[in-house]
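Take a look at these structures.
In the two assemblies presented below, chain A is common to both, partnered first by chain B and then by chain C.
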Partner chain A sequence: MTEDQILAEISKAITQIMSDKGLPAPTVTADTELLGGELPIDSLDLAMLVREMEERVGFDPFQDGFIDFRTAGEMAKLYVK
Partner chain B sequence: MSGRRHVIVTGGSRGLGAAMIEGLLADGYRVSTCSRSKSAAIDKLSDLGGDDFFWQSAQVGEADQVDAFVKAAGEWAGEDGIYGLVNNAGVARTGILASFPNIESEKLIQINLIGAIQMARACSPYLLKREDGGRIINISSIIGARGYNGMSAYSASKAGMDGLTRALARELGRRQITVNSVSPGYVATEMSSTLTPPQMMQIVNRTPLGRLATEQDVFELVRFLLSDKAASITGQVILVDGGISC
Partner chain C sequence: MNERGLALHVNAGAALVARGTDRLSRSDVHTRVNELAASFNARGVTRAMVVSDDPIDILRAIGAADATGADLFIAHTNLPTATIDEIAAQYGVQARIGETDTFIAVEAPAPSQRIYMMTSGTTGKPKIATHTLDALMSRARSSAKFSQTESKWLLTYQPTGFAGLQVQLTAVATHGVIVAPEQRTPGGFYAAARDNAVTQISGTPTFWRSFMMVARPEELALKQITLGGEAADQSTLDRLKAAFPAARITHMYASTEAGVVFAVHDGREGFPKAWLDTPPQGVALRIVDDLLQIKSANLMGGYLDQESQPLLNDGWLSTADRCEIVDDRVRILGRQDSTINVGGSKVYPLMVETFLLKQHGVLEARVFGVPNPVAGALVGAEIVFAPDQDHAEARARVLAACREGLASYQVPRVVKIVDQISVRESGKKGAS
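Showing the complex of A and B:
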């Protein structure tokens, strides 16, 4: 998958998480900060997002340890092989 | 969706695990379990549970096998997802630490503690998705809190499990997922093979109720903690020990 395709998958996954919480679909761009108030998600939602992306992309970039990321774009880069 | 609650109980091939599964099936839960290999108890549970029972071979402590098992159990349960996890799988090895092989300590911690962490991690996404909260119950041991001669590694693994209980209770509480340790005292299954008759008599004599707790006593607490009635109890280590620790 390309970085743009992965970003689209991140957006879909966040929309799904929001939907499960009864919240409207957010607009997610590469610059959207995942935590910090821009989106109504907390650290547990972020954990869910990471697991959901593993399902969607087929691997877990955090398998060998934590990697810092702040925005959706930075997260997407981690899934580009 | 059948609207039933699905609980994973690890280590269901014998002893307390098999007894708990039998009780949970009777209570109307759907139950999944894993063990290294099939046993007579698994065959019996398959007959008893029919479509409400799922077993797959997996070694708790091996992350890949744990993930594969939980995924398979989640798929088996379909829209029922996973409501509860009972971390019951464990091994007990005894020996004075000075001569206890390091490899045995590592194996024991890997199964008893790392295995419980792996299972909780694998089940968490399913629990977090639910609207009715969820349950994690760690089957610990009084030995985690009190220690016992010749059981250093085992005691450490159970004390670690109790730490896992408290930390996860804080982490998952916001989603109404409760996490508790059920800590049997000197119950038959775990200890009977390691205690001498005089040791056993001494324990019974020191127990306020004058008898050891049974597997059924332990199950009754697990049953309660899984129920909606226990929704406000989390982060606790509850002993079922006839009062010996009081």
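Showing the complex of A and C:
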């Protein structure tokens, strides 16, 4: 998958998590800070997002420990092989 | 320090609680304690319950119970409201402290000056641990020995749980400040820490991993970083060290029954093997059948319910934490039982399975842990629906019921709808 496709998957996964919580679909761009307060995401939602992305992309970039990222764009880069 | 109770009259002008734009001094909180104690006395209250996430409510309830000799239940706000109401009715609670205080005219037993705290139990019923304020405060003072005084603590834990209460009492005992975030999200925690110049943060490794995603380390002047609630891994310890080189980094192992068992300051995961021979903090440690066992002179008062009492063998208490020894170090590998540790909170699969099975249209359910790089583990569930159920509708309805009736960490996050639950030859539901 390209970075843009991965970003689209991240956006879809976040929309799913929000909709499970009964919240409207957010707008996610490469610059959206995932935990910065723009989105109502807590650490367990983030945990779910990481799990969901592993299923969608087919691998887990955090196998050897967690890697820092702030924005959706930075997260997308982690899934580009 | 030779003080008893909260001793809020000592250093009365100093700040004690910061929440949003609210600033309360020790003396402000003391005034509220006295007001509440007066209304306990006027109404003859001997059993009270605090139901609030606000440290001011929790502290005034503790202070008033202490001043009047009343028993105090601290309702864990993770629990469903119905469960809290049941406990209040069962134990004859006469006063409910929170945003508004309400009084109920019921007969209560004679007070025993105890503090009762709740943890989620293996089934739907929470375990209720009994403590005394003196024992809790002496623990807070002894933990303060390895931290600085006049510090500002970020309240990252749920304020009504054991770790959260410990942070509040430590701030009271050391004349520090409790900084409560307005929003319990990583962004809310960071804003509160930055705006109040917090110096001490104690949180789970899961908290730290998400906090590091929003924090600008140069905006914070942390002196003490503490990790607890789940085993701290080397990569999280290394990242904290790199981001906050001036802070002392401590990871702790604590249990509800024995309090802080050990605290490690050397920045390496696990603890030194030498501690099995010479315990560092008054709690003896040994490993039997790969499980960590502890022995402390300072065990808590026990549980209200006999069935909850932990297994004791020659005064040793067995944890369910599996360990391995590698060279000079003992590492904690994880739970031996089926308990799932979600970001530092224990989840009992049976309890969640029971909850799922109560939902309309659910025929079978299996709950298990799914390893996760952020939270350590998430709750996974396989659900079998009755043939007449629309899967999408039923899934949404059951998950909504979970969010309503379970604590956030107990809600299944990885859900599969299946035709049948995998059953092993032993007859037990499939491996976790």
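Convention: the second predicted complex is superposed on the first by the 81 of 81 C-alpha atoms of A that agree within 3 Å, B and C clash if a C-alpha of one lies under 4 Å from a C-alpha of the other, contacts with A are read in each partner's own complex, and residues count from 1 in each chain.
Here is the rule we use: contacts are C-beta pairs under 8 Å (C-beta built on N, C-alpha and C of every residue); 3 or more make two chains touch, one makes a residue touch a chain.
A quick note: this is a predicted structure, and the numbers were derived from the prediction, not measured.
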item	value
Residues of chain A touched, compared between chain B and chain C (which is higher)	C
Which superposed partner A:Leu44 touches (first chain B, second chain C, both, neither)	both
Contacts of A:Asp20 with chain B and chain C, given as first, second, both or neither	both
Touching partner for A:Leu78 - first (chain B), second (chain C), both, neither	neither
Chain B versus chain C as contact partner of A:Asp68, first or second or both or neither	second
Which of chain B and chain C A:Ala30 touches, first, second, both or neither	neither
Touched partner set for A:Ala8, first chain B, second chain C, both or neither	neither
Footprint overlap on chain A, where chain B in one structure and chain C in the other make contact	20, 42, 44, 47-48, 51
Residue numbers on chain A that touch chain B, as the complex places them	20, 42, 44, 47-48, 51-52
Partner chain C, residues of chain A touching it in the complex	20-22, 33-37, 40-44, 46-48, 50-51, 60, 62-66, 68-70
Complex interface listing, chain C residues touching chain A	183-188, 191, 206-207, 209-210, 212-214, 233-236, 239, 342-343, 370, 372-375, 378, 396, 399-400, 403, 408-409, 413-414
Chain B residues touching chain A - in the complex, by the definition given at the top	124-125, 128-129, 171-172, 174-175
